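Look at the two complexes coming up: subunit A is in both, with subunit B in one and subunit C in the other.
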Partner chain A sequence: MPEQNNQQQKLLGLIPLNWRFDLTSVPGVRWLLKRRWFPMIAILINMLVFMIILTSGIMGGFSSGNYSFGVMIVWILWWVMLMMFLVPVLSRTWCMICPLPSFGEWLQRLRIFGVNNKLRGLNLKWPRRLRNMWVMNFLFLGTTFFSGFFTVKPLATFFLLGGIIALGIVLSLIFEKRSFCLYVCPVSGFQGLYANMAMTEIRVKDPNICAKHKNKTCETGNKNGYGCPWLLQPHSFERNTYCGMCLECFKTCPFDNMAFNLRPPGPDLLVNKGRGLDEAFKGFIMLGIAVMFYVAMMGPWGGIKEWVRGATLRGWLSFVGVHTVFCLVLIPGIFLVTAWLSKLASGQKEVSLKTVFVNLSYCIIPLGLAAWIAFSFGFLLPNASYILHIISDPFSRGWNLVGTANFPWTPVATGWLIPLQFITLLVGYLVSADFGYKLVCQTYADPAAAKRGFIPLLVFLTLVIISFGWLYGG
Partner chain B sequence: MKIKVIVSVIVSAVLVLACTVGPIAATLIYESYLTRDLTAEIITRSPEKGNYSPRFLSVPVGEKVKLRIRNVDTVVHGFAIPALQVDAGEIKAGHSVTLEFTPEKIGKYDFYCTVWCSEHHLQMRGVLEVTAQ
Partner chain C sequence: MSNKVIVAILILLTLGVFGGLVYYGWTHRYGSTETYQLQEPRLLAVSYQPEEELTLKPEDIFAEIWQNVPSIGLMLMHQVTELPWPREITPVVKVQAFHNGKDIYFKMTWQDDHADATVSLDEFTDGCAVAVPMDANAPVPSIMMGFSSPVNIWHWQADNDLQYWHNKRNESIAYTDHLYPFEDEEVLPITTPELNSAVADLLAQRAGSLTLKETQIVQGRGQWRDGSWSVVFKRSLTTNDPQRDCQFGWGRRSASFAVWDGDQNDRGARKSISEWVNLQIEAPHPKSSAHKETSHSIIRVDKTPAADASYTNRLFSLSLVSSAHGASVETEPAQSGVQPRVINLQAKRFQYIPHQITVQKGELVTIIMESLDVTHGFYLDGYGVTMKARPGVVGKVTFVADKTGRFSFRCSETCGEFHPYMIGFLKVTPNSRFHLFVAAVCVVFVIALGILLRGARRKKGAEENAGTE
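Let's look at the complex of A and B:
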């Protein structure tokens, strides 16, 4: 069977994966995306919010975590929004409006709104061996070691965000452009991974126009905008993974050839380019963290909760150990066995085990994202009403800014929580299986071999969903 | 041309300051406005985590006292001075309550937590001393 390309494939046999709608065809949208003050205005507003969060991190005292503005906004509102809406629907729009790297970027540009393609700083190239997701993988995993502190101690949240900002400034002065965002930021990797599932994308409209355009201003920049700050080539985007949606290419393209498309979720998973072990591990780590967080925060095992919270050093070290082994060894290990069995079942000798392992790993992305969304429901429904309180009293000082300080804590629709989580996980499972099959077909040229090679993968996915069901239901 | 550059530099600087230093300054100003006539602020924590802070307070007789009780703990606490008929009721975690009263008699008055907040709850207490002017 000739390898099916994305053109003919359908999501769950229903929605054609090549369906696109260019949002810039709506009047006014392209105009907006081409303004120099957009998205900078949104970044500035966002920065204001972050300053309040940082202030509340300091003023929030040491212990009253669950109820502090910073903790609530960051870990309930922001995190939940990222996982449930921003990333799955809008790809990396968070990065579009993210204030964390702005100080560094302003120092490089010595401009806020204007264009100056002679960037300051040392402008060094990022070390070649680190041009992948590994640094982010370890940084993110490392950050989760302290999750028990971030959610209870406002000061810990302050140091985390402050640390990211400080690191961003330092690295921007040493390395070129957004090296920090591309290779270091802990928030970056998982957005990149799950943005493959997003329902929006930035792509060129007509590749022929790009082919004829000699000096590719989207890469080099011109008087209207900067060359891609994310060191990419907008003219040949095929995946969302590393595009931070800064919109500079809309400004620098003299032919208005950039499009902001609406699309069905997931086509990037099938792009057989740029794949690697680093991204595969990102997927495993995110899946592992989703399980661990659920166990630690919502599971019935109080002992593990104490570990995570760091009640004793030994307990905390046990958590770190178990967590690390689970994410970096156990899950990838089981998947390696799956890949090996798949290769064996397919009988295809010429495909390397590494290729099978890496290719197939992309099918756990939908299920991983679903696990995170299900987990987020468990945060959102019980705690959302508390947001009203902290907006009125952000520093726990008895303020009442918008009159909602005394709004009682009312968990909403908690009866729906478990059904909602199950439905989410089930959809994730079906989409994962669907992409799993497509990926198997892509990996093994022969259709019969692909069918055989799919069975171990389906068993793996089924085992994962059963353990999730057990975890969430039991 | 020159003027344009100067204007844009000023506008940018103002915007950046407004979005960075702005919220911090506004917070501090608003907070000091709200606390301008506060006699004292008492932080509440369970005894094993630090108890009331401060636990001893001295105020002059016949003058209005304005106290802010701020619960920075993760559990509900209370604050009451029964002899002076002062009771803040339940103060939820992360909440604050402001109390106003005027003590008319010299003496030492116990204040304590009215919510069973930990196994050391009974030790969660302090003293308000009312002195001659």
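Let's look at the complex of A and C:
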């Protein structure tokens, strides 16, 4: 197995990981992706929706979030769509149509649709030490400290989204291109991490063409489009992690060499390039937040809800402390022990513990994503019917715009909630174990050592999935 | 202008706009930041004044005794438990009380820039009320007319005061109040009973159960002076009818107060109300040790489930109001001959107590839900069972737990900002779905381990064979 390269491996021994279908081979798709107005037109439509969200946030005050357009669209529709469909299927498509950094980008470009590669603003380089996921890790973790406010209070939702827009504008004026999206945006980090599991990707069709192309217009830009706003090299994409799918490379490539591929989920996890502790910790933090969100929102423990919603300062600080330790110390600590046992079992002394820790951490990405999808079912099925109310009365003013304002709360198929969650977890466990084995084989050169080193990891994954199962339905 | 200056201006502009919008949202917000924590009630000392007896002459309202007895200022709030809600609020009412060993007196004073003592098509009268639970030890989680214990409500109205004390009727003609919701559901009196007092002596056990007592034993008188109403209530400490009248003993018991402002169209549920207040009634011949013992025993509010259940039982047994207004909202399957397992569930923002219920498959289960604050709902995933409990109206549902597994029950009535997350668990054992899940994981684990070990053993065998050759 270790001798096999990524291209030869199969997902669960069934689906070749090197299978691809280039969607740009469909003429209509190719035509669309090369238009200058796409995806800007989608961003503008999205921006209109966000304007309504922000307005409802300002006007909603502290009223109950389930009757707020902003709270429901952001935390029920958007979050659930992100976790259940957009990221696992379409990679970072949300970043493609995200309106939050657009104001900053327009100020840099002084254009909305057109091309102006002479960007305005200070255009400073992002500090070298911060060119990783750490800032996003801490910002996202910090954001979840306030989840008891952001997810239920309209004004708090406005504060969060408005704050992201304001920060995006400020950083876009100071730093070059999409530094904000790449290094700061709290939503960007987990999308990047879980986009490794996505079933779509943007890659070059033929690397040889790019190798011969000296100008690298996908990086530098030309009259047809901007050089990669995400400061990447589209000609050598290997992972989805940092590609914001802005589609500029489709416009700038003179050889029409960019592909929008369908693929099996997860091949990026096996790319042994660009891995680091920052990404490993992003995986642990996301796992910890999934547990915390479930306990606080779907659990029956009233005392913890009191903590999370800040009924008392002491309770809230307790929550912050416990949550931080759980995400940054306990989960990584247990995984460190697992990595150490794996190294010990493998008998491969020449492989460093850090390498084992970082490499193996990527196998928790499928499991983490499954935990989030399962959690999202618990958001969606009971609460989706509120959306019918809020689209008729977006500003809580007693309107009935489309005649659905009086639609009663109607939970949908909640009897199937826990079985759905169990199935999702089980699939996540299988895929995690599969990639775990592939990663172990990649880490230890000797196949026998890899098998021995896999056993502690399998035990870890098994215990984690049973714990999630217990939490969700035990 | 240099690039840096432009950037600086744009940054300041961005932060300014964002700050301005947050400020606008903050200052124009509605809803409240309330934390819904139960506060320790304020204490009103009801002092013993053996020499004082008021006959409710006009001068008694401002008698010297009121200068000497302690007072407390109570912040009032909108009544929002029942519709219709008030439009404006009377912010503060000053309350005083004393007794002389025979009668108890309350005085309420509040600012009102206009005395409204006329009732007509679009005019409403000022008023105020004192509510006292009949049971001194009853837990009082809801302010609206009690429900753990029936309450006596003494309702003074300015128009009745005018009629009773001055023999003036300001009600010009019979009228229909089209502006007040629920008019169709109301029974309009066709004759006006002769008044025995300016105060209506009422009995209630929950919203919608307000009943005029047959025997009116509370007197009261109000006077509007210098932009304030002052109203004095008088009632005997004890009566001959403990079933319908609260009996004031020495020690601590609860009371609450309400004010109606006719100017603001207040009437019925449109009123400003206080939180519960603890009355500390001084004994006529105070002996320090005995007094301590008495008051201590009366303060105790037993919160054990048994005690709560006894209140629930008492609630059902009070036919006076419950039969007339329905004691519970009930959904029962057609199943007879089997005694259901009764589970008492309390609901409060944003949790159920107990938070997890475990029953066995096939059990007939009755859940009786009591709300401790606002209206809460109960929706059971998988079973589709629903009910709701308003303060004072318990919800009751009976079903057969024929599906195994863990099921969430959730609040189905919007009860505050964390409402969607108000959840409890019902576990119907055996939890076969979870057991199946664990079994599936274990199967995967064992198969994976088997493949690993078999591969290792094959390789080891091959190496041994190679050595032999």
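Keep in mind that, in the parts below, the second predicted complex is superposed on the first by the 472 of 474 C-alpha atoms of A that agree within 3 Å, B and C clash if a C-alpha of one lies under 4 Å from a C-alpha of the other, contacts with A are read in each partner's own complex, and residues count from 1 in each chain.
Note that in this section a residue touches a chain if its C-beta (ideal position, glycine included) is under 8 Å from a C-beta of that chain, and two chains touch if they have at least 3 such contacts.
Everything numeric in this text was worked out from a predicted model, so none of it was measured.
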{"item": "Clash or fit (per the criteria above) of subunit B with subunit C on subunit A", "value": "clash"}
{"item": "Partner chain(s) touched by A:Leu23 [first = subunit B, second = subunit C, both, neither]", "value": "neither"}
{"item": "Subunit B versus subunit C as contact partner of A:Pro419, first or second or both or neither", "value": "second"}
{"item": "Which superposed partner A:Ile112 touches (first subunit B, second subunit C, both, neither)", "value": "first"}
{"item": "Which of subunit B and subunit C A:Gly398 touches, first, second, both or neither", "value": "first"}
{"item": "Contacts of A:Val152 with subunit B and subunit C, given as first, second, both or neither", "value": "both"}
{"item": "Subunit B versus subunit C as contact partner of A:Val427, first or second or both or neither", "value": "neither"}
{"item": "Residue contacts with subunit A in the superposition, subunit B compared against subunit C", "value": "C"}
{"item": "First, second, both or neither for A:Met51, with subunit B first and subunit C second", "value": "first"}
{"item": "Touching partner for A:Met59 - first (subunit B), second (subunit C), both, neither", "value": "both"}
{"item": "Partner chain(s) touched by A:Leu277 [first = subunit B, second = subunit C, both, neither]", "value": "neither"}
{"item": "Among 42-50, 240-248, 258-266 or 330-338 on subunit C, the segment whose C-alpha atoms clash with subunit B after superposition", "value": "258-266"}
{"item": "Subunit A residues contacted in one complex by subunit B, in the other by subunit C", "value": "59-67, 152, 409"}
{"item": "Residue ranges of subunit A touching subunit B (in the complex, touch as defined)", "value": "44-45, 47-48, 51-52, 55, 59-68, 106, 111-114, 152, 389-390, 393, 395-399, 409"}
{"item": "Contact set on subunit B toward subunit A in their complex", "value": "8, 12, 15-16, 18-20, 22-24, 27, 30-31, 34, 43, 45, 49, 68, 70-74, 92-98"}
{"item": "Of all residues in subunit C, those that touch subunit A in their complex", "value": "3-4, 7, 10-11, 14-15, 17-18, 21-22, 24-26, 28-33, 35-37, 350-353, 355-356, 379, 381-384, 403, 405-408, 410, 412, 414, 416-421, 423-425, 431, 433-434, 436-438, 440-442, 444-445, 448-449, 452, 455-456, 459"}
{"item": "Complex interface listing, subunit A residues touching subunit C", "value": "54, 57-67, 107, 120-122, 148, 152-153, 155, 158-159, 162-163, 165-166, 169-170, 173-174, 296-302, 305, 309, 311-312, 382-383, 386, 409, 411, 414-415, 417-419, 422, 425-426, 429-430, 433, 437, 448, 451-452, 454-455, 458, 462, 465-466, 469-470, 473-474"}
